[in-house]
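Consider the two complexes below, in which chain A is the common component and chain B and chain C are the respective partners.
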Partner chain A sequence: MGKYFINGIGCVSAQDTTNSEKDLFNFKELKENKVSACKPNYKDFIPPAMIRRMSAGIKMGVVASSLALKEANVKIPSAIVTGSGMGCLNDSEKFLRNIIDNDEQFLTPTAFIQSTHNTVGAQIALGLGCKAYNVTYVHDATSFETSIIDAILKLDEEEQNVLVGGVDELANHTVELHKLIGHVKEENTLEKGILNSNSKGAVYSEGAQFFVLENRKTENSYAELVDVITYDAILEEEVTSKLEAFLLANNLKTSEIDAVILGVNGDVEFDGIYQKLQDTILKEIPQVYYKHLSGEYNTASAFGMWTACKMIKNQIIPENLRLNSVEVNSIKNVLLYNQYRGKNHSFVLLKSC
Partner chain B sequence: MSNIEDLKLELKKNIIEVLNLEDISLEDFGDNDSLFGDGIGLDSIDALELIVMLDKDYGIRLSDPKEGKKIFESVEVMAAYIAEHRTK
Partner chain C sequence: MNKGVAITGMGIISSIGNTVEENLLSLLNQTPGISVIENIKTHHKNNIKVGEIKASNEELINQLGLPDSNSYSRTAMLAEIAAKEAVKNAGITNINKCKTGFISATSVGGMDLTEKYFYSQFEETKNRKYIESHSAGDSSSKVAKSLGITGFVSTISTACSSAANSIMMGARMIKAGKLDRVIVGGADCLSKFTINGFKTLLILSEDNCRPFDTNRTGLNLGEAAAFLVLESDECVKKGNKNVLAYVSGWANANDAFHQTASSKDGEGATLAMQKALKVAGLKPENIDYINAHGTATENNDASESAAIRRIFEDQIPSVSSTKAFTGHTLAAAAAIEAVYSVLALQNSTVFPNLNFQTPIEETQIFPETEVIIKELNHVLSNSFGFGGNCSTLIFSKA
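Take a look at the complex of A and B:
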């Protein structure tokens, strides 16, 4: 295994994250149970002829990847790896609705062509004219982390750089279904924030976060990506031992972690998994959350990694992200832990460089 | 307004909506503007959408897709063809 550096990042989310004048401390907690992404001026990034067929997910992915590549000063990446839990959901819904509404007749090609999960990675490649390795991983809430694993493998095969990211979009019918089964918070507004909501479900949102990974450090480097591991299904009681084993495999003790970034999303049914760690082995470590800013989607953990990059580079934990008040002098080792509804656990370790 | 003028307006509205031509307004959309190439700038995927639109909205089924090249030359030509061949 070599070393992997994050040399460029790009983010489209429910916050104004494409505005370079805004930073983490500017962002406000989401106050509704379903929040669309804050849309950048897409025409600044995508030619008009291409933009008209693109759904929100594709546009967000193209913009986030453009920003990451620009920061890393990479024109054509050696590989593109995308994670998406639900893919281009709007076009999937549109295509299926057309089938029903038109009694399986008069089916047009556009929505079908654009409905697949790998459309985002494909459109990024088309826009760049990039004919390199291009793979999309669909793995629920570990789709992004699975993509990182593949990106690392590609760098080990001596690819120069890999564009890796996660993207998921909101789609009305699917959100309604998730509301029916209690995965979306029942209350439309959350004046007291997700931590005080005391209700089941999460705030649903959408976004795209892309990163340029390279095996060389540059003056733009945000952090070193040390390791990543995923578990689809583990028992709640096993989380602590899995976390400790992950750190041990990287020659670290829990006390050597300078900040832990947790995927707390305000769901009273499953936030207890984080709370147990917060009250025990992570008690003396600065704790950070981000889903009050990003909302929940299958690849929201990529927003967590984007947050980690910002924190490490700026060497500061903004107050609006803190879960506790433990002070930190310097941010060297950062652990990210995410799970969704008790499944799809992931640990990612970043280090300042 | 004559029937053919109504049909041309309807076609323009449908084309803009179905093909998501965000940057083209009804005022910019001339009756004789070339739909493909340097005019409105449609492509082969749009041609498939237009073939389905003819079938669904006007009951015209093109047996030879190559016919489309001539029929889809402009809104003017499309309207004339639809007026002559429509079954609904």
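Take a look at the complex of A and C:
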């Protein structure tokens, strides 16, 4: 097994993350239950004639991947791996609505063509003229983490660099359906933030985060990506032992972790899984959250990794991301843990380099 | 040569049979499963032919013994039937005896449910249990849970090449020592969504599809699920397992030409075949049979033929597309064709390309039209999808 370095990052999200003058401490907590991405200046990245035709997911993916490639100074990656829990949801909804509303008549193919889950990865490849390996993982909240597992294998198989990321878009009908089953927070519970919302569900949002992984360290390296593991359906009481086993496999003790980044989203039904760790084995470790800034979407954990990269590079944990007040001198080992609704658990380990 | 990763079990359900054995019989007897659609109400009923599994959802629920409260999509039920057959076939009694993962592939996911209840879920509460069944990952998690797999579970969606990539990822994870055993494959059911999607692209045939024929008229959609059990050499040795065949080569390349059309010279397909041969450590002349993607659309068959010519030049091995038996089963296609490739190796048999008469003028590829009995050592299987995704797998005799 080799070493893997994160040498470029790009992020489109509910925050103004494409603005290089803004940093983590500038971002404000989302106060609505459904928040669209902060639109970058698409004209800087995409030919104007194409902007209108591209769905939100494609545009976000193209921008985030362009930023990551540019930072890493990579023109054409040797593999593209994309995670997307729900795929191109707006075009899926649009085509389906047309089928139902028009009783299977007067249909045009555009929405169908762009509805397939792999459209974002495909459009990135098409834009770059990249004929390399190209795969899309669509496994709910571990779509991004499985993509990293694949990317690491690719680097071990002697590819030089891999563009890997996550993208998911908001779509109105799906949000309305998810409100029916209590997965979306009631807006009036958000005045004092998700931690004080005392309500079920999450804040729904969207975004795209892409990373360039390379097998060599550069001046631009944000961090070393050490390891990643996913569990589809472990029991709540197994989380602690799985976390410890993951660290042990990487020759680390819990006390050697300098910051832990948790997927806390304010859902009273499932945040207890994090709270138990926060109150026990992670008690003496600086704890960080990010979904109050990014909102929840299947690949929101990629925003968490983007946050980790920023923190490691700047060697600072901004106050607005802290869950506790434990201080740290230097940020070396960073652990990310995410789960969604008690399923799709993932652990990612980053290290400063 | 790379010996590859051992296949120790397989399972399948398609329009030509509910088990591996039934599929083999249909292939040998040249009995296609193309018919008029019955399970979905659509205006296109009389203008399309499909590879439909005739069992209704209620029958599938009964077969699996699911409770009334279940929220299975048809994709999930087909997947579970095929995956359970694969696990049984591999003689697995304790799934977690070694580190086992599950990788499925789907393009439709729970769309069959979403299209049924898109509006009614707002008024009626009883169908809201299906809301979470829409996502592609839902069917994989359900099947993994039913098999007792709780660790590494994932789902791939690269349109019509999806299952080739799940088989590839599984093989790579075994090679890298990340898993000891992995169940890989894919599933897709028929849906109004895909029927109308392909209809608007004007690539659905009104007749039985005719892969590689110059007068081909488009594809027949189908539904299916298939899974393979892959095991590490150590697992095979420890369990004294019967190896059915090996996955010896794999590769994925992107055509980077157009969102839905393949390039005329089959660039992506050529790259995928080239790289797969390299991974397997084989030369084109070592391939005895190509189980082609061969959807019978104007574009695919022309592009794929061009790519086959580029790789094999004047030495083209036996070629056939089995799509005229099953229809194009989208994300499941590469998985059912992986099962057919293994059956071809096991039975020293090339399955016929039905409905072929006249070759495509430019490439002059004559697929096999009868059951051919001959020694087979290596079978190459192609799968291509929207988004320029081109994947090739190579299966070798055990």
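Simple rule for what comes next: the second predicted complex is superposed on the first by the 351 of 353 C-alpha atoms of A that agree within 3 Å, B and C clash if a C-alpha of one lies under 4 Å from a C-alpha of the other, contacts with A are read in each partner's own complex, and residues count from 1 in each chain.
To be clear about the criterion, a contact is a pair of C-beta atoms (placed from the backbone, for glycine too) under 8 Å apart; a residue touches a chain by one contact, two chains touch by 3 or more.
Remember, it's a predicted structure, so these values are computed and weren't measured experimentally.
Once chain A is used to superpose the two complexes, chain B occupies space next to chain C without a clash.
Shared-chain residue A:L107: touches chain B and chain C both.
Ranking chain B and chain C by residues of chain A touched puts C first. Looking at the shared chain after the overlay, A:V328 reaches neither chain B nor chain C.
In the overlay built on the shared chain, the residue A:M50 is in contact with neither chain B nor chain C.
Once the two complexes are laid over each other on the shared chain, residue contacts for A:G85 go to chain C alone; chain B is not touched. In the superposed pair of complexes, A:D156 makes contact with chain C only, with no contact to chain B. In the superposition on chain A, A:T142 makes contact with chain C only, while chain B stays out of contact range. When the two complexes are laid on top of each other via chain A, the two nearest Cα atoms from chain B and chain C are 8 angstrom apart.
When both complexes are aligned on chain A by C-alpha atoms, chain A residues 105, 107-109, 113 touch chain B in the first and chain C in the second.
Those residues of chain A that touch chain C in the shared complex are 80, 85-87, 92, 95-97, 99-100, 103-105, 107-109, 112-119, 121-123, 125-126, 128-140, 142-143, 146, 149-150, 153, 156-157, 173-174, 176-178, 180-181, 229-234, 298, 343-344.
Within the complex, the chain B residues that touch chain A are 18-23, 41, 45, 48-49, 52, 55-56.
Within the complex, the chain C residues that touch chain A are 42-44, 102, 106-107, 109, 111, 114-115, 118-119, 121-122, 128, 131-132, 134-138, 140-141, 144-145, 149-159, 165, 169, 172-173, 176, 178, 192-193, 196-197, 199-201, 251-260, 267-268, 271, 385-389. By the touch rule above, chain A contacts chain B in their complex via residues 48-49, 51-53, 102, 105-110, 113.
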